[in-house]
Every structure is written in structure tokens, then in C-alpha cells.
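Each of the next two complexes has chain A plus one more chain, namely chain B in the first and chain C in the second.
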Partner chain A sequence: MTDNIKIVENATCTFCGCVCDDMDLHVDVEEKKIVKAKNACVLGRAWFAEHTIEDAPAAMIDGKEVSIEEAIEEAAQTLVKAKFPITYGLSDTTCEAQRQAVAISDFVKGTIDTTTSVCHGPSGLAFQGVGESTSTLGEVKNRADLVIYWGGNPAESHPRHFGRYAVTPKGMFTPGGKKDRTVVLVDVRKTKSSPVADILVRPKPGKDFEVLWALRALVKGKTLSNDIEKDTGVPLDVLKDLVERMKNCRFGVLFFGMGLTMTRGRHFNSGALLALANDLNEFTHFVAKPVRGHGNVTGADNVVSWQTGYPFGVNFSRGYPRFNPGEFTTVDTLSNGHADAALIIASDPASNFPKKAIDHLKRIPIIVLDTKSTETTKDAHVAFRTATYGINTTGTVYRMDDVAITLRPAFESPFPDDETILTGIRKRVHELMLAKHKAHGASGEAKVASPSKD
Partner chain B sequence: MILVPGRSSKQGTSLNHGKLKQEYIDVTSTLEMNQDDMAKLKLVDGDSVRLKNDVGETIVNCIGKKPEDLPSGMLFIPYGPPSSQLMESDTAGSGMPLSKHMEVEIEKVGG
Partner chain C sequence: MTASLRIINGRVYDPANGIDGEIKELCIKDAKIVDSVDDDASVINAHGMVIMPGGIDIHCHIAGPKVNMARKLQPEDKRHDPHPATPFTRSGTGGSVPSTFATGYRYATLGYTTAFDAAVPPLAARHVLEEFHDTPVIDKGYYVVLGNNVFMHQLIKEGRKEELKHAIAWWLNASKGYTPKIVNPGGDEPWKGKKNSNVHDIDEKDTVFEISPRDIIDAFIDVANELGLPHPPHLHCNNLGHSGNFETTIETMKTAGDRRLHIAHIQFHSYAGKLGENPLSAGREIVEYVNAHPNISTDVGQVMFGKSTVMTADAPSAYLTRGYTHSKWINADTENESGCGIAPYTYQEHVYTNALQWAIGLEIFLLSKDPWRIVFSTDSPNGASFTSYPKLVKLLMDKSYRDEEISRVNQRAMNKSILREIDREYSLYEIAIITRAGPARCLGLKNKGHLGIGADADITIYDDQEDKELMFNAPRYVIKSGHAVIADFEFTTDYYGKTLHIQPEFDQSIEDSIRPFFDDYYSVRFDNYAVTDYYLHDHEYIPTKQDAL
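Presenting the complex of A and B:
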């Protein structure tokens, strides 16, 4: 460590969807590394400590170092030649970069999808079907006296969710902090989050929908038999007690995680929970919020929505956006063998996708932008090493409650940021598509709209 | 048995270090298992087990959890490349594979 330490106040951690913006970063300017991250949780400390400048080429084609310009040219050519190019990832980059990725997908008449489809995608479907009684995390902090976590383990996935937003902080109408709140945890197993809960509810695996529907019935005054325990694993008395607490609280919140969206029922589970929150507004104020994983996955939903009208799984092959989860979502475009080229931004599907999807991904040309080496970068046709958002670059991200936050970078990276690379690809793709249309005798300018930003 | 992959603190910190590093590989290859279920299969902490289903198979190491923490019949693993080998690709028209509810068979490796 050198003596040349710079302090960046109120910096933002972009590791998880909490997007805590109260970091004080101590930066060794000469060594280009963060030596201390005050206020960071265990995940945030690792995020800041491990994102140093690695000795690696900024761009490679088939494993050989090339100039960034050559890599951009090859990436653009690959996307334009493809019949079914897909764009995927985007949850760990800025909104500015996400915007460029949407433009690229539009120009090449491809498909754009984000990690939302394998995260809260089912909740996205449920929002469209049921609606969302929502709030910011600030409202939760200041008002919520009943906090329910369903199908998640924030102590390990979002360690500051309890302390900064929902359980222990003292708010305007919750001056006693934890003392003014009742915390309920619903999960199939005991986790590191369990000690924070006043009430633990343990349904049988795959029975969340039945428990939620039973709660809805009780809220509506229906009678249930004790057999509900045999089916769900949850005694009727526990359900009745929970319903009374929900109806009689001042401000209740249901935070829900992957335990609902990644299990049997998927969007029906999320929809049942959202419907329960809606039902409870007959009696009190109740909101429901998905607990989002990656630092800017909420931004990805917002950017793709405001540019296409849909949050994920969007296809441009007909020249206008179409939304169809199950067809245009990435697990499906890969598993069904439809995709013939992939632009992967800040994501590692080769590590986390189903085997069949990974097998197809390895058969097609992949263009990858990432800050580190991953299973996906290993198979890349074109690989860009990029700067880390929030540490090396500014930009905009959305917290899990849709609050936009501007990033304060700590030190410069020798690598370009995602937005720069994607802007380069977008410009070149636009030129190539115009040339393609002219070669076919059509009016290229009419078919390929000009981007709004250079 | 039902396999539930999910986030753990160690998985979260080790992925920052690097997904190709040994620490991440070790974390995502460690299976948590009900102690009573382990006893029935004559398994002790650190034993290698094969998980398999119709999709594929993977070999991981198991560690025991108290029955009150992890019910009998349930397995937990920090998600990563090994759990992906068992994930069904059918999304039932939703875009989402059943990533947290995989039916698997388990057997001891190496006798």
C-alpha cells in the first residue's frame, strides 16, 4: 500500500440489488485498488477488494490478442451475418450501456433478454397479470411494522437489507427500529436469515402457492380445515395468526425471492403473493417487492421496458418488438437451438444455465464483455475485457425499488467501459445494416432508423 | 431427493475473486445434506457423492446439516457449474427453468 490514498465518499456498491450508496472508499491511487470499503457488507468488501486491474488483453478474437477496433469490427460482422442473434446479460452494467445493447438488437433484428428471465422474470409476468402494490425502500424503513420475507435468504444474498432498509433501521414512524417491527421469514429450510425472524414459517418444498392461496382465503374470511397442514406443512393456527397480523399491521411489506420464482408454480407463485398484497389493502396498507439480485438488474428491466415496451425476452425480427417468454428468453433460444450468435454482456450463462443451453452456446460464436475471466469468456469468439461499473466508471443504476442512483467511480481502468464498446458495435452494426439494405435495393435509411445518440 | 441450489456468502465472495479460481469451484461443489440422510447412506463429511437425474450428473462433496436446519430429503448447494449439470432446460413457456427444485438421485462415489 502506498501513501497516496484518496477517499471517495458516498460511493455505491453495485454487487447486489441493494445498491448501497453510503460507501466510503479508501483508494490506493498508485496501486489502483480499493484498500478499505467502509460500510460495505461481506459481499461488498469482496466486490471492492477483488476488482483490481488484472494483466489481460483488452480484446481477443479466438483467444488471440487484437486491437479493440478489430474486435469491434469482428463483433459487428458476426452479429450482422447471424440469422437469429441474441443479446443477453446486462444486469451488471450501467443503464447507458444497456441502452446501446437494445439499439444493437433492434438494428440486427435480433432478440434481447436479460438475467431477469432467470431471476424475477416470472414476477415480471405476474406484475402484468396482477399488478403491483409497491413502495420505495425508504417508505419501508420509515413506515413498515410488519416485514415478511418469502423464499429468500437476505443474510447471505443481500446482507444489508435488514440493517439499512427493512428490519433494524429507525424510521420516522418506526423510531424503535427492530422493536417496532414484526419480522416473518417463510422458507423451506433454516438459513442464516432465520435468527432475525420473530416468526418462522416452513412450508414443504414446492407448496408456496398453496400456502399463499390459503392465506388469501383466510383474509377473505373463508373457513379452512386442519388438513391444510398435511398438504403444505404449515399448521392452520400459524396461518390464522399470520393473517391477523397482516390485517392489523399499520404498513406491511412482502419481500419475495427466488424461492418463489425458481420453483414449481413460478409466475403463479409470484402472482399469488402480489394478489395477497392487493387483498390486504382492503384492511391496511400493504406492499410487495421482489428482492433483486444483481446490481442493475432493475435498471435492465427499466431500460428494456422504456425502449421496447417489454421488460425482457424481446424479439425484433419483424422490425417491431414482440414479447414472448418461453420463446424469446435466452434459456429457450439456446436450448431450442434457435440462436446462431450471442452478445453476452456482464454475465456468465456458460456457468449457470441448464446443460442443454450451455451445450448450444458452445456451438455458436459468442461475443463477451466482462471484467473477469469466466466459463463464458473461455468459449468466446470475441472477448472484451471491460472496466467495472461503479468502481472504474460512472453511470446510472436502479436500486431494487426502482430508485435511480448515479455512480461515483474510485479509480480509472485501462480497459474501456461497456458503454464505449457497445456504442462502437452499435455504430458499426448500423453502417453494415445500411449497406446490406442498399445492396438489396431497398432504402436503407427508411428501414434502419438512425440512433438518437452518437 | 430435492436439490435446492442458492446463493451463499462464500459463493458470493469467491465469485468476486474469480469464477475460474479453486475457491469458487470448491464452494459450488459442496453439498449440504441432512445428517440423518447421510447416516442412512453411510456418508461422512467430505465424502464424494454422485448426483444424477434425467438431465445429467455431477460429483460433489457432502457436509452434514442438523435435521432441524435442513429437512430429510432436501439437499442444498451454492449454485454454479455443478448444479447446472442437473438443470432441466424446459421453462414451461416462462423463460425460467426449475432452478431450485430439482429431483435427483444420490449415491456414494468410491464405495
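Presenting the complex of A and C:
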């Protein structure tokens, strides 16, 4: 450790969807590392500590070091040549980079998808069917007197969710903090989050939908038989008590995680939960919110939506966006063998996708941008090593509640950022596509009459 | 490519300069209208064509969290309406809430070159600016939702008027906004804090801050006057959509006295009848008040039949819509700043209330005595998508077409309206006022809405056609900042307009009061809240009167 310590105040941690923006980072400028991250949770501390600068090539083609320009050219040529190029990842980079990635997909008439399709994709589908009553996290802090977590373990996945936003903070109408709130945890197992709960509800695994539907029925005043306990593992009295609390609270919130969205029922589960929150607005103010994982997965949803109209799983092969999860989502485009080139940004599908998808991924040229070496970069045709967002670069990220925050970098990286590389690829791809169009007669010149001679 | 350009032989409609269909040459250089250009300038021969300044939308919803949620919510609204890419322009999707690129290009293809998003909570400003950067062709700005800001309600309650002025100015700077927006004043607190209730009487004081909607409106008008804002507070009145709400609207306008105030989408606030029963028209009562009070400006918020999307910071009114549709619905609270509601909706010809709403909007247009102050809007996409503007122009310009349409809709509603008896037809000159010169004047945009020397070279050239819907649906040329973005009906290049915003002065010490409020009640750090210039890209700052002095 050197004496040359710089302090970056109000920096943002992009490890998880909490996107806490109150970090004070102590940066060893010479060693290029963060030696202390004040206010960070255990995950945040690890995130900041682990992102040091490794000695590695900035760009490689088939494992051999090349210049960045050569790599951009090869990436662009590969994407333009492909008949079904796919783009995937995007949840751990800035919105500025995501915008370029969608542009590339649009120009090459490819397919764009984000990690949403393997995490809260079902919530996105449920949202399209039901809508969502929701709120920013500050309103939860100020007003919520009933907080329910469903299918998640924030103590380990989002450690500051309790303390900064939803359980203990003192807000305008919750001056007593946790004392002013009732906390309910619904989960099939006991976790490190359980001690925070005033009420624990443990449904049988795979029975979330049935429990949610029973709650909806009770909210609507229907009668249920005691058999519900046999089906779901939750006694009728517990459900009735919960319904009374939900109907009579002042401001209720349902947070839900992948224990709900990625288990049996998937988007039916998310839909049932969103519908329950909507129904409760007949009695009181009630909101719901998926607890999103990656630092900027919410930004990815937003950028893809504003540019195409759809949140993920978007295909441009007809020259305009089409949305079809199950067809244009990445696990599917790979498993079906459709994709013939892949642009992977800040994600490692080769280590966590189903085997069939990985097998196909390994058969096609991969262009990858990542801050570190991964299973996916090992198989890459073109690999870029890029700077880490929020540590080395500025840019915009969206918190899980759609609040946009500007990043404050701690120290410079020798590697370019994702936006720079993707902008380079986007420009080159557009040039190549325009050249194709010109071959078919389009000029690109403004059609204004030539100067009058009289 | 801002080469100089000469437009010859066209019939020019430039009401701000009193030009009513004269054949007149226009010269353009460096994105501005100039008195002459060199002989080697490019030429557009506009023989047989109609030339107007680019259209200006004073009230629409085109960017930000609520708009994006409405996009995500409705794939069914988009699937049937793709917006293909061209070699120079990006692809997108349409429907009542188009994607960003489709929004910019579709405004351009109607001859519009400027649009203002009407409701942006400050916490959403960064998101809006990001979307603006992907919204091509048009210049853009937005009104900042401040009317239900909790910090400001505390200042109003405590009578701290001077601090309120500085706080509003600080927030307008921090969010890069254009003017304060007030939506359903006093309505957020009962909605969020008292089990989804609402405020209904303009003089009813809420239980938390003990201030009434009238107190809020009055305070904001005073501040806007003191700051010399180019556009007065932009007000969405209480009781939107309720039968009998016109009395609230008139009371609201009376609150202004002779001070400037803009009433948004006034059609939705012009209903007679009893609460809980079918509405009746109060179009005449409302328009007579506006006609007689030159301090008031308003946009109509016309309803057009077909698919729309209700999206508003007035969460209770969107919930009311959900009560009719029993369909999907979004509520989205922004901490300390705003509420929001979204609900897909379809206006139907055979439905009494929808037909009456349509008629009331047209009554207001046709009984207006001052087109400069009663300007064109559909509150897009609330009353209808902006893509329905050409049809609305035809309804205003063509009595026989209007009569045909009247015969197709609910006759019980038509019997309650005086629409059939009104013979007025708008002229091209008047259309140029309500879609161009009028909004520019209401907004205090000195370089827009006209074609005089020094004006922005934002120009639309239409083929003169008998069918005004066809005519206004497809300008032959659209020139944005001197670039012929559309020529011979086709995009020739891509172009990105700028953001329009204001920077009123404030006493820096107001931050000493705001900062602790953030520490206590916001979920983001005060130092990370204000939007930096990084997000502005191309922008123009519109002077306030204070700056001019």
C-alpha cells in the first residue's frame, strides 16, 4: 500500500440491483486498487477489492494478441457475415454501452437478449399480462408498514436491502424504523434472512402459486377450506391473518426473488403476486417489486425497451423488432442451433447455460467483452478485455426500482470501456451495411434539388 | 451538412409575422432563417406547396420511466405496427406508445420538429434525457413534476415563500427542466398515505401538510412570475375525468387572477353533470372563461377514437380508468415527488362518454376566440396518439367531414352537445397558429413557431391537397435545423435534435435546507441527484426574464 490514497465519495456499488450510491472508496492510485469501501456490504467489499488491473492483452483473435482496431474490424466482419447473429449479456455494463449493443443488433438484423431472460424474464412476461403497482425504494423507506419478502434471501443476495431501503431505515411516516413495520418472509426454507422476519411462512416447495392464489381468493372475500394446508403446507389461519394484515396496513410492499420466478409456475407465480398487489389496492396502498440481481439488469430492460418497445428476446431479422421469448431468448437461439455468431457482453454463458446451449455456443464464432477471463472468453474468436463499470468508468446504471444513477469511477484502467469498443463495432458495422445498401442503389445523399442556374 | 438553402415559390403561412399564404422566398443558412443566401445555395422549388414552421407539441408523453413502462406493458400494441429501419434510420415499434426512434421519426413525418414531455418527476430526469438522446429529429424539453413535492409542501405550509422560490429554481436546474408541472395538486399524499384516497375540493386541506390545492397553485404561480419563467406553471387540475369537474377548473383559473397560468388538456376538465353519473358538456362555459382571460393559456387534450394509453402523474385518475377496463394497470410512486398511473384504454364511437369527450374537445376548439392561447394537443397518448393529428386537423378544417363523423358516433351524446350547430372551419392560417405559432408563444420560444429572420430553420413543406388529413399526414419536405431530413417524402439522413431547458438563478444556500431532507427521506444521495451536463448533449438554454434584464 502506498501513501497516495484518493477518496471518492458517494460512489456507487454495481454488484447487485441495490446499486447503493453511498460508498466512500479509498483508492490506492499507484497500485490501482480500492483498499477500503466504506458503507459497502460483504458482497460490495469483495466486488471493489477484487477488481484490480491484471496484466493481459486488451484484444485477442483466436487467443493471439492483436490491436484493438484489428479486433473491432474482425468483430464487425464476423457479425455482418453472420445470418443469425445474437447479442447477449448486458446486465453488468452501462446503459451507454447497452445502447450501442442494441444499435449493432439493429444494423446487422440480429437478435438481442439480456440476462433478464434467465432471471426475472418471467416477471417481465407477468408484467405484460397484469401490470404492476410499484414504487421507488425511498417511498418504501418513508411509508411501508408491512414488508413481505417472497422467494428470496436478501441477507445473502442483497445484504443492504434491509438496512438501507426496506426494514430498518427510519422514514417520514416510519420514524421508528423496524418498530413501525411488520416483516413477513415467505420461503420454502429457513435462510440467513429468516431472523429479520416477524412472521415466517413456509409453503411446500413448488406451491407458491397455490398460496398466492389462495391469498387472492381470501382478499376477494371467497371462502377456502382447511384443505389448503394439505396442498400448500400453510395453515388457513396463517393465510387469513396475512390477508387481514395486508388489507389493513397503510402502505404494503411485496418484494419477490428468483425463488418465485424460477421455480415451478414461473411467470404464473410472478403474475399471481403482481395481481395480488394490484387487488390489494382496492383496500389500501400496496406495491410490489422484483428484487433484481445484477447491477444494471434494470438498465438493460429499460434500454432494450425504449429502443425496440420490448424488454428482452428481440429479433431484427425482418428489419424491425419482434419479440418472442422462447424463440429469441438466448438459451433457445443456442439450443435450437439457430445462432451462427454471438456477441457476448459482460456475461459468462459458457459457465452457466444448459449443456445443449453451451455445446452450440462453442461451435460458432464468439465475440466477447469482459473485464476478466471466463469460460466464455476462453472459447472466444474475438476477445476484448474492458474496464469495469463503476470502478474504472463513469456511465449510467438503473437501480432495481428504475432510478438512474451516474457512476463515479475510482481509478483508470489501461483497458477501454465497453461503450468505446461497442461504439467502434457499431460504426464499422453500419459502414459495412451501408456499403451493401449502396450496392443496391441507395446513396445516402440528401435529396435536395441542385442549385438553380437562372 | 448545414449548407445554405433557398425555398422558392411556396405559399407561406407564418402567423407570427402576419403572413397568410403569400408566395415568399425563404433563405436558410447555418440552421437559421436568414435574409439572403449565395447563388450556389441548394434550391427547393415549392410550387403548389404550403410552407409552415415546424410543428410544436406543447403537451405529450414521449420519454422516461412511465412511458417506458407503458411500452413494456403492451407488446400487443406494437406487434401490428412495426417501424422498419432504413439505411439511415433506426428501426422501432409504434402503437400508442412508440419506441424512441419511432417517436422521433413519426413526429417528423407529420411535420413536427419540437415536442415537450409534460410530466417528468425530477428523479426520472436522467432517464428522460437518456431517451431523448435516442429520440431523433425533434427538439425536446420537459415540464418537471414539482406540484406535489413533499419538501415544497413543507415550505408552503410554513409560509417560507422566498425559500420556495429558490427551491423551485434549484430543482428546475437540477433536473434540466423547462417549467414546473403541477398534477392533481394535493392528491399524492392521500393516494400514497391514506389508502388510495384523493382530494376533490380545491379548498380542502390535507391532514399532513394542512395545505389545499389552491394554496399550492397560488404559490407556484407567484414563484414562476418572480423567476420570469418563459412558460407559466403547467397545471393538470384536480378532478380530471369526473362529471361536474368544470367548476373545479373555473375555480382553479380564478385562483390565477390576472397572473399567467397554463391549463393542460382542458377537455378532460370540462365536464358538467353530477359526480357518479354520465357527464354533460361544459365546453362552452370553459371556453368562455378562457376567451375572456388573456392570462390563461390551454391545450385542448382532444380525444380521438381508437387505442390510447392513459399515463399520468395523477395516479387516482388512472385507477379510475382501471375501474372501467378491469384490465392491466400500473401504479408507480416516486419518492417525495410524484405518483403515476398507466392503463391501456380504447375510445369507442358508440360509447356515450367517449363520444361526448370527443365532442367537448371539438366544441372548445371551435368556440375559441383566440387560437394563440387555445392550442392543439391530444395529451398524446392519453386522448389519442400524436399520429392522429392529421385527422384532427381535418375535423377542424372540414365541416362536411365533421358532420359525417358526427353521424357515426353515439347520437345520445351528440344530442347533449352543440357541436352540430357550429359551422366554423379553421383556415390554414389558424391551423398554423394552433400547431406552431401559438404553442411557441405560450412556451416563450422566440426562435420557434415562425419563419422570420433569425428563427430556427425548422420548416415543413406540404403538398397542398384538398383532403387535409392526407396533406398533414405526409409533408414532402421536413427541414430540421437547416437539414432536409425528409425530401420527396423519404428520410435522407438521420438527425438528432437538442434539449431545450432553463436555468433560473437561485440562492446557493437553499442547498443547506434541501440536503438534510435528502439524508432523511430520499434513497439516493444528495450529491448524486442533480443531473449533470453530461446528459444534455446538444442543448439550448432558453432565457428567463431575469436573464434578459
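Note that the second predicted complex is superposed on the first by the 438 of 454 C-alpha atoms of A that agree within 3 Å, B and C clash if a C-alpha of one lies under 4 Å from a C-alpha of the other, contacts with A are read in each partner's own complex, and residues count from 1 in each chain.
What we mean here is this: contacts are C-beta pairs under 8 Å (C-beta built on N, C-alpha and C of every residue); 3 or more make two chains touch, one makes a residue touch a chain.
Because the structure is a prediction, the values reported are computed rather than measured.
Participant: Mind checking the superposed model to see whether chain B and chain C fit together on chain A or clash?
Facilitator: Once both complexes are aligned on chain A, chain B and chain C fit side by side.
Participant: Where does A:52 make contact in the superposed view: on chain B (first), on chain C (second), on both, or on neither?
Facilitator: neither
Participant: Of chain B and chain C, which one contacts the greater number of residues in chain A?
Facilitator: C
Participant: Report for A:192: first if it touches chain B alone, second if chain C alone, otherwise both or neither.
Facilitator: In the superposition, A:192 contacts chain B only.
Participant: After lining up the shared chain so the two structures overlap, which partner does A:348 touch, if you call chain B first and chain C second: first, second, both or neither?
Facilitator: first
Participant: In the overlay, answer first, second, both or neither for which of chain B and chain C A:133 touches.
Facilitator: second
Participant: Quick one: is A:317 in contact with chain B, with chain C, with both, or with neither? Answer first, second, both or neither.
Facilitator: After superposing on A, A:317 lies clear of both chain B and chain C.
Participant: In the superposed arrangement, does A:39 touch chain B (first), chain C (second), both or neither?
Facilitator: neither
Participant: For A:258, decide between first (touching chain B), second (touching chain C), both and neither.
Facilitator: first
Participant: When the shared chain A is used to line up the two structures, what angle, as a multiple of 10 degrees, is there at the CA centre of chain A toward chain B and chain C?
Facilitator: 160
Participant: Between chain B (first) and chain C (second), which, if any, makes contact with A:172: first, second, both or neither?
Facilitator: So A:172 only meets chain C here.
Participant: Quick one: is A:77 in contact with chain B, with chain C, with both, or with neither? Answer first, second, both or neither.
Facilitator: neither
Participant: Can you work out, in whole Å, how close the C-alpha atoms of chain B and chain C get once everything is superposed?
Facilitator: Result, nearest C-alpha distance in the overlay: 14 Å.
Participant: Which residues form the common part of the chain A surface touched by chain B and by chain C?
Facilitator: none
Participant: Along chain A, where are the residues that touch chain B in the complex?
Facilitator: Within the complex, chain A contacts chain B at residues 15, 42-43, 45-47, 49-51, 113, 117-118, 121-122, 125, 153, 156-157, 159, 188-190, 192, 202, 205-206, 258-259, 261-264, 266-267, 293, 312-313, 325-327, 329-332, 335, 348, 351-358, 372-375, 378.
Participant: Chain A touches which residues of chain B in the complex?
Facilitator: The contact residues of chain B facing chain A are 2, 4, 6-9, 12-14, 16-20, 55-56, 68-71, 74, 76, 79-81, 84-101.
Participant: So in the complex, the part of chain C that touches chain A is made up of which residues?
Facilitator: 1, 5-6, 8, 39-45, 63, 65, 67-69, 71-75, 78-79, 82-85, 87-88, 90-93, 95, 98-102, 123-124, 126-127, 130-131, 133-134, 150, 191-193, 195-196, 319, 328-336, 342-343, 483-484, 487-488, 490, 492-493, 520-525, 527-528, 532, 534
Participant: Give every residue of chain A touching chain C within the complex, in rising order.
Facilitator: It is residues 9-10, 12, 21-22, 95, 99, 103, 106-107, 124, 127-139, 141-143, 164-165, 170-173, 250-251, 278, 281, 283-285, 287, 301-303, 305-311, 316, 318-323, 394, 396, 398, 402-406, 433-434, 437, 442, 444-452 of chain A that touch chain C.
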